[in-house]
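Next come the structures, one after another.
In the two complexes below, subunit A is the common chain; its partner is subunit B in one and subunit C in the other.
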Partner chain A sequence: MSEPVSALRGRATSGSVQVSDMGLQGMISLRCDLSFGKLKALSKDLVGAPVPALREAQVRNDRAALWMSPDELLFLMPHTEVDDALSRIAKAMKDQHHLALDVSDARALLRVEGPFAREVIAKLAPVDLHPDVFGPGQVLRTRLGQIAAAFWMTDAQTFQVICFRSVAHYAFDLLEASAKAGPVGHFPRGT
Partner chain B sequence: MLILHCPHCDRMVDETDLHPGGEAHLKRHGPEADAEAFENYLFMRENPKGVHFERWRHVYGCGKWFLAARNTATLEVYGTYPAQTHQPPQTIRDTITERQPGWAWGDFR
Partner chain C sequence: MRLRTNGRLVRKNRPVHFSFNGKAMQGYAGDTLASALLANDQILVGRSFKYHRPRGIVAAGTEEPNALVELGRGDRQEPNVRVTQVDLYEGLVARSQNHWPSLEFDVGVINAKLSRFLPAGFYYKTFIQPRAFWKHVYEPIIRRSAGLGAAPETADDNTYEHFNVTVDVLVIGGGIAGLAAALAAGRAGARVLLLEQTSGWGGRAVVDRPMIEGQSAQDWVNVTLGELHAMPNVDMRVRCQGAGVYDHGYALAHERLTDHAPKQGGPRQRLWRIRAGQIVTATGAIERPLSFAYNDVPGVLLAASLRDYVVNYGVAVGQRTVIVTNNDDAYRTALALHAAGLDVPAVIDARPAAQGALPEQVRALGIRVLANSAIGAVEGGKRVTGVSICAQDGTGGQTEQIACDCVAMSGGWSPVVHLWSHCGGKLVWDEAQAMFRPDADRPPTGADGAGFVTAAGTANGHLFTAEAIADGFGAGRKAASTAGHVKKPGQAPMGDDAAEDPMAPVWIMPAQAPYDMRAKMWLDYQNDVKVSDVQLAAQEGFRSVEHTKRYTTLGMATDQGKLSNVNGLAVLSDALGEAIPQVGTTTFRPPYTPLPLAAIAGVARDELFQPVRRTPVQDWHEDHDADFEPVGQWRRPYAYPRGDESSHDAVTREVKNTREAVGLLDASTLGKIIVKGPDAGRFLDMIYTNMMSTLPVGSCRYGLMCSENGFLMDDGVVARMDDDTWLCHTTTGGADRIHAHMEDWLQTEWYDWQVYTANVTEQYAQFAVVGPKARDLLQDIGGMDLTQEALPFMRWTTGTLGGFDVRIFRISFSGELSFEIAVRAGQGAAFWDLLVKHGEPLGLMPYGTEALHVLRAEKGFIMIGDETDGTVIPQDLNLDWAISKKKDDFLGKRGQMRTHMQDPDRWKLVGLETLDGSVLPDGAYAVDTGENVNGQRNTQGRVTSTYYSPTLGKGIAMGLVRRGPERMGEVIAFTKTGGGTVDARICDPVFYDKEGKKQNV
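Moving on, here comes the complex of A and B:
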C-alpha cells in the first residue's frame, strides 16, 4: 500500500505569524439541494454541526461543515474516516440526486496563526476582511495571489486555508512572504 | 475596476474574482434556424456606449453565473440578478430609467 502524504510534508515557518501545513485532512465535497431535509441529520452525524447557511463555517474541533456555493458543502473530518463517511452519505442521500466526492488528496490545508494573521491574508485576497465584516463562523472562497482558495477563521488570530494540492507550494510561499513582510497596521492587532 | 454583487453569495465581489461571459439575454438559434438568425445569434452583439447587460461568472467563488446591468461609459452598476432570468427585473429597469431616461438595449427599454 502506498502511504498518503500531504503536499507540503509538514512544512512550517517560524515568526510572529506562523504558516504551517496541517497535514492530511479528510475532505468530502457534497453537491445537492441544500434544503433537503435529511441533510440536517447527516451534517450532525458527520461533523456534529448543523448545515451551514450562506457563507457559514460550522467548525467543531477537527471537523467542519463549510458552505461552498448554493448547492455545495465541504465536510472536513479526520483523513481515516472518509470512506466510512462516504458510505453514510450514500445511505442518507440514497433517494436524493447528489454527488459526494472524496477530495482529501486533491487539496492542501494550511494554517496561518498569529497577531496579524488577518493582514497576512488581506494583503493577498480581493475581499473585505475587516473584523466587523469577516470573523470566525464565516467562510470565503476567493483568490490568494494567482490561485483559488477558501479560508475561514477558527479564532481571532487563526486562519485555515484550503487550496488545490498542485498549488500548495505557491500558496505556502505566498503566505510566508506576506507574513515575513510584517503587519500593515490597517486592522486592530489580535482581531 | 468593477465591484459587482454576486446574487448567489450575497456579497460584493471584485472583478478579479469574476470571469466575463459576454452579452446577456442572447436567444439561441440552433442549426435548424435560417442562416441570418444563426449569424445574428453567433456574431452580432450590441456593443453599446451606455447601458449594457452582461453575463459574469463568480469563478473564484461559488462558480455560479449571474447577470449584470451596468453602464459601459460611466461604469455605473445598476444591479445584478441570477442568470436564470429571461429579462431584466423591473426594479433594475426602473433604476436604469431613473438614471438614463429613454434608454434602449435590444428589445428592452
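Moving on, here comes the complex of A and C:
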C-alpha cells in the first residue's frame, strides 16, 4: 500500500500573492434533491454546517459544504474520513434517490493568498469579483483561463480553487503567471 | 519646429532622445512621437500605399492615416504604429514604412506616374487575366511595392494579461462629456469605469479652453478628477482605449501599460473584458479633411490637430500657415497660431460669407479672411511651398497665389460613432452640421430589448461646450439610474464658449472642379483613393457604399476610413444623385483601432497556450522518453522508443511483446461515467443501441452510442456496479462530450426520470495489463484470485492487489488475455511502478497508442474517429449484433430507418490486404469506373485504418467499400499518394485469432 499523492505534490510559489498546492483533500460529490429533509442533519454531521443555499460556501475550518448546482453539493473533509463519510451518507440517504461519490483524487485544490489575490483570480475568471458581490461565504463555478474551476474565499485575501486533476499544473502555472504580473489596482487592496 | 511658448504637456527641462530612420533626434518628456518628429522638422514621415507619394502627419490622434512606423527593435518590434499614439520615451527607435530604397528616394513613386493604369478596382480589372500571370508576375510585384510594415522576426518576450470586470456604467472617453458622465454616475453610487485612450484627461476642451462652471476648462477638469479619484466606486484609466462593444453589455478595452516606459516591469498591455450594465460612449469627434487638389502634400494637416500640436506640445509645422475651412471652429487655429507668434497669411473660407464672432476676432488681428474661396492646388512635393486660391463656386480659375509652408484644413466634424454602432446603434444624418450622429431612439439593445449604450457629448453630435458637458452629465445620470442607482447626482456643469455661425458642407473644392483636379484630391490617404476613383466606381454601377468600399479600397486597412468615410460617401451620393443618408455608411466593426494579437492572446502563450491534460503517470512517460501524440487535450504516449530505435521499430517491438509476453498501457484517459438511479437502466437503454438494463451485476458489455440521426458517436464497455448503478467507459475524446450528451437528454427530455450521472474519469488511474503472461504478473503481485474461473472474460471484480484497492475488468481491446485495473489516481504512479517492477522478469514492456491501434486492427476492432466520421452508422460496420431488436426505442433508431440508411449500396466495413503486402495509404479511395458530374473519377470505398502488422509481417487495413461484405475475395484498386493505384483484396477484417480464443483463457 502506498500513500496517495496530490497532482501538484506540494508545489508552491513565493511572492506578494502566493499560490500553493493544498495537498490531499477529501471531497465528496453528492447529487440529490437539496430540499430532502434529512440533508440538514447530514450536512451538520459531515461538516458541522447547514446545507448551503444558492452559490453559498459553508466553511468550517478544514471542512466545508459547497453549493455546486441546484441538485449537487460538494463536501470537503480530511482525506482519511471520506470512506466513513460515504457510509454515513448512504445510511442517511437510504431509500432516497441520490449519487454520492468520492472525487478527492479527481481534483486538485490550490490556495491563492495575498493582498491582490482577488485580482489574480479576476484576470482569469469571467465573473464579477467585486467585494460587494463576492466574498467569504460564497462559491463560484466558472472558468479559469481555458479550464473549468470553482473557488471560494476563506478570508478577505485568500481564495481556495478546485480544478480537475489532469489540469492542475496548467491551473497552477496560470495562477502563478497572473500573480507574478502584479496587481491591477482595480479592487481595493486586501479585500 | 519647436516654439518658445506653449506646450502644456511637455517638460522642456527633460530632454528625451530617440531616432527616426537612424537619425538621432531629441524631444521632451510629454511629447508624442508625432509632436517630437514635427519638433525636429521631420515633415515627411511615410509613403502612400499605392502610389508611394510622400506623406506627412495629418492628425494628432487615432485617426492619423499616414504616419505609421515600425517601432522598436527585437522583441519589441511592432509594425504599423501610429506616431500620434506613441508617448515618447528615451531610446525610442522608429522607422518609416512602405518605401524602397529610402524614404527620401522611393522608386515606387513610379506607380504614381502610372496612376492612370491603377484606377479604382485595378486589382479586379487589370490583373485577373491571364490567370497564371496574376500568380507569378503581378502579385509578387504588387506585394513588393505596396505593403505596410514587416512582421517582427523574433518572439515577443513581453507579457500581456486580461482582466475581467463587471461595472454598472462604463464610460468610454475622458473628455469633458465623459468626465461629466462619470461624475453623474459616480455620485449616483454606480460602479463606474472611465476610460481614456490618450495619456491625459480633458479632450479638446483643455486645448480650446472654454469656460466651465465659471472656471477654465483645465481647472474644471482638475477639480472633477479630484472628486472622481476620491470615489471608491470609480476606477479611471488613461492609455486605455474602449475597443469594442458587443452583445449583452460586453465590451473590450485595451490598456497600454508600459509601451511608454519599456524599462518598467509588469505586463506590457492589458485587455479589459468588461461586462457593463450601461455604456456611455463619449468618444468625441474627428475633424474631416477638405478635398482640394494635392491635399496630401506633407505640411497639409487638420486645423484642430495643428492647434493640438501648438498648444499641447509647443510645436508647429511651419512659419506661415494658410487655413482653409467651411466652419468657424478652424478660426481658433488662426488665433492659436497668432498667439504663438506664427504667421497666418490668410484664412480661406468656402462659405459665401464669414461673419461670426470667431472670424471677426481673427480679422481684428489683421489676418485676411477670404470668403467664397477655395484652394485650387497645393504646391510643393515633399513639403508645402504655397497654395493657389480660386473661387469655391467656380471651376478652379486661379485668383491668387500665397506662399506658405503649412496648410491647416477643416471640413467640419464627424462624431466618433463607432462604439455606438458596433452592436447595432443606428445613425441619423444631421443636415445642419453635415454629420451622422447617433439616433437616440434606435440604440443597441440588450436581451430585454432596452438600449444599453448612450452616446454623449461631441460623439452625440453636440459640438459646443454647454451642450456637450450637459449631455455627458445627463447620459451618466441616465445610465446609472437604468443600472439601478437613482441617487440624485446634482446639477449638470455649465459650459460656455464662443458662438459659432453654421458650417457649410463642402465635399469638393472648388465645387465645379474639372477631372484633372478631382484626380488629385485625396479622400483616403492611407489607401490612395481619390475623388475621381469614387466617381468612377459610381459610373461603373457600384451603388452600394459597401461595394464601393471594397472596389475602391476607400476606408480599408488600419484606419478603416476614420478620416475618409463621410467625405467618400458624400462624393458617392453626389455621383449617384442620391441624398447622403440614402447612401448610408459602411458597417462599423470592432475593434476601433487594430488590437495587437499579443493583447488578445493575453497569458495564453507558450506552456499556457492551451491546457495539456496529464495522467497520474505522465511524469513516468516523460522520464522514459515516450513519443507523444495529442488525443483530445491529453498527450498520450505514442510509443516508447529505446535507445536509437525508430518510432516504427518501437511500435513493432511493443506489438510483438504484447502478443508474446505482456504489455502495459496507460488507459487513464478513457472516460468513466457513473450513471445511477431507479431509472438508470431505462436511461442507458435509450443512450446505447444495445440492451444495458439486463446486464448482470458484475458483468461488462460493449456498447454503442448513436446520435439522434443514427450515426455512431462513441463506444465503450459498460459495467454494472449494483442494482441501480452502471459505469460507462467512453473513448478518450468522448468523456466530456458524452457526459454532456447524457445530461442534455436528462435535463431537457427525460427530466422526470430519476437518474444522476457523474464524470469520474480523473478519479482513477487505469492500466491495461495485456498478453499471455498478464495473469502471471498479477498473481505474482498477489492478493486476488484472478483465474479464469474466479474472473471470467467480460466480468469485473474488486479487491486488494499488492496492497492497493483495485477494480479489475476482464476486457480486451487487443485480442489477448487482458486485465484493465483501476486504482485511485493519487496512487496511480505508485501502482504503475509496482506493475513495472514485477513485470520486468516476465518481459513486460509498456506500449503506446500506436501499438494499441495495431493490436485492435489485427483483431478487426473499430475505432471511433477512424472507422467513424459522423456519417457512419453501426450497420455500416457490421455491428448489427450490438443493436437491440427488442427495444421499442433508442437514440438513433428512427434515424437508422431512413431510406438512405437502409440502402444496400452503402459502403460497409471489410478487411483489405494488398496483393504485394504493402501498407495502403491512410484515407486512400477505391477507384471505380467512370466519372461523376464534376468530371472526377468515381469511387467505391475508402481506407479507414491501415497499419503494418508485425504479427502477420505485412500491411493490413480496414475500409468501407460499397456492398463490401458481399464482395469477399474481389480485388479492387486504391489510389496511392503521388499517383497510381495499388490492388487490394477484400477480406474478413479479423486478421488474427478469428475464434477469439486468446482473450478468453
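The rule we apply is simple: the second predicted complex is superposed on the first by the 191 of 191 C-alpha atoms of A that agree within 3 Å, B and C clash if a C-alpha of one lies under 4 Å from a C-alpha of the other, contacts with A are read in each partner's own complex, and residues count from 1 in each chain.
Note that in this section a residue touches a chain if its C-beta (ideal position, glycine included) is under 8 Å from a C-beta of that chain, and two chains touch if they have at least 3 such contacts.
Just so it is clear, the model here is predicted, and its values are computed rather than measured.
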Original post:
So, A:115: does it touch subunit B (first), subunit C (second), both, or neither?
Top reply: neither
Original post:
Is A:128 in contact with subunit B, with subunit C, with both, or with neither (first, second, both, neither)?
Top reply: both
**OP:** May I ask you to decide whether A:23 touches subunit B, subunit C, both, or neither, giving the answer as first, second, both or neither?
**Re:** neither
Original post:
Between subunit B (first) and subunit C (second), which does A:143 come into contact with in this model arrangement: first, second, both, or neither?
Top reply: first
Original post:
Can A:99 be said to touch subunit B (first), subunit C (second), both, or neither?
Top reply: second
Original post:
Of the residues on subunit A, which ones does subunit B touch that subunit C also touches?
Top reply: 126-128
Original post:
How about subunit B: which of its residues touch subunit A in the complex?
Top reply: 8-12, 14, 16-17, 60-64
**OP:** Would you tell me which residues of subunit A are touching subunit B in their complex?
**Re:** 54-55, 68-70, 72, 126-128, 140-143, 148
Original post:
What does subunit C use to touch subunit A in their complex?
Top reply: 159, 161-166, 191, 232, 235, 265-267, 270, 273, 275, 603-604, 607-608, 610-616, 634, 674, 676-678, 754, 756-758, 760-764, 803-804, 824-827, 829-831
Original post:
If you look only at subunit A, which of its residues touch subunit C in the complex?
Top reply: 1-2, 4-7, 24, 29, 31-32, 71, 97-99, 101-107, 119, 122-130, 132-133, 145-147, 164-170, 173-174, 177-178, 181-182, 184, 186, 188
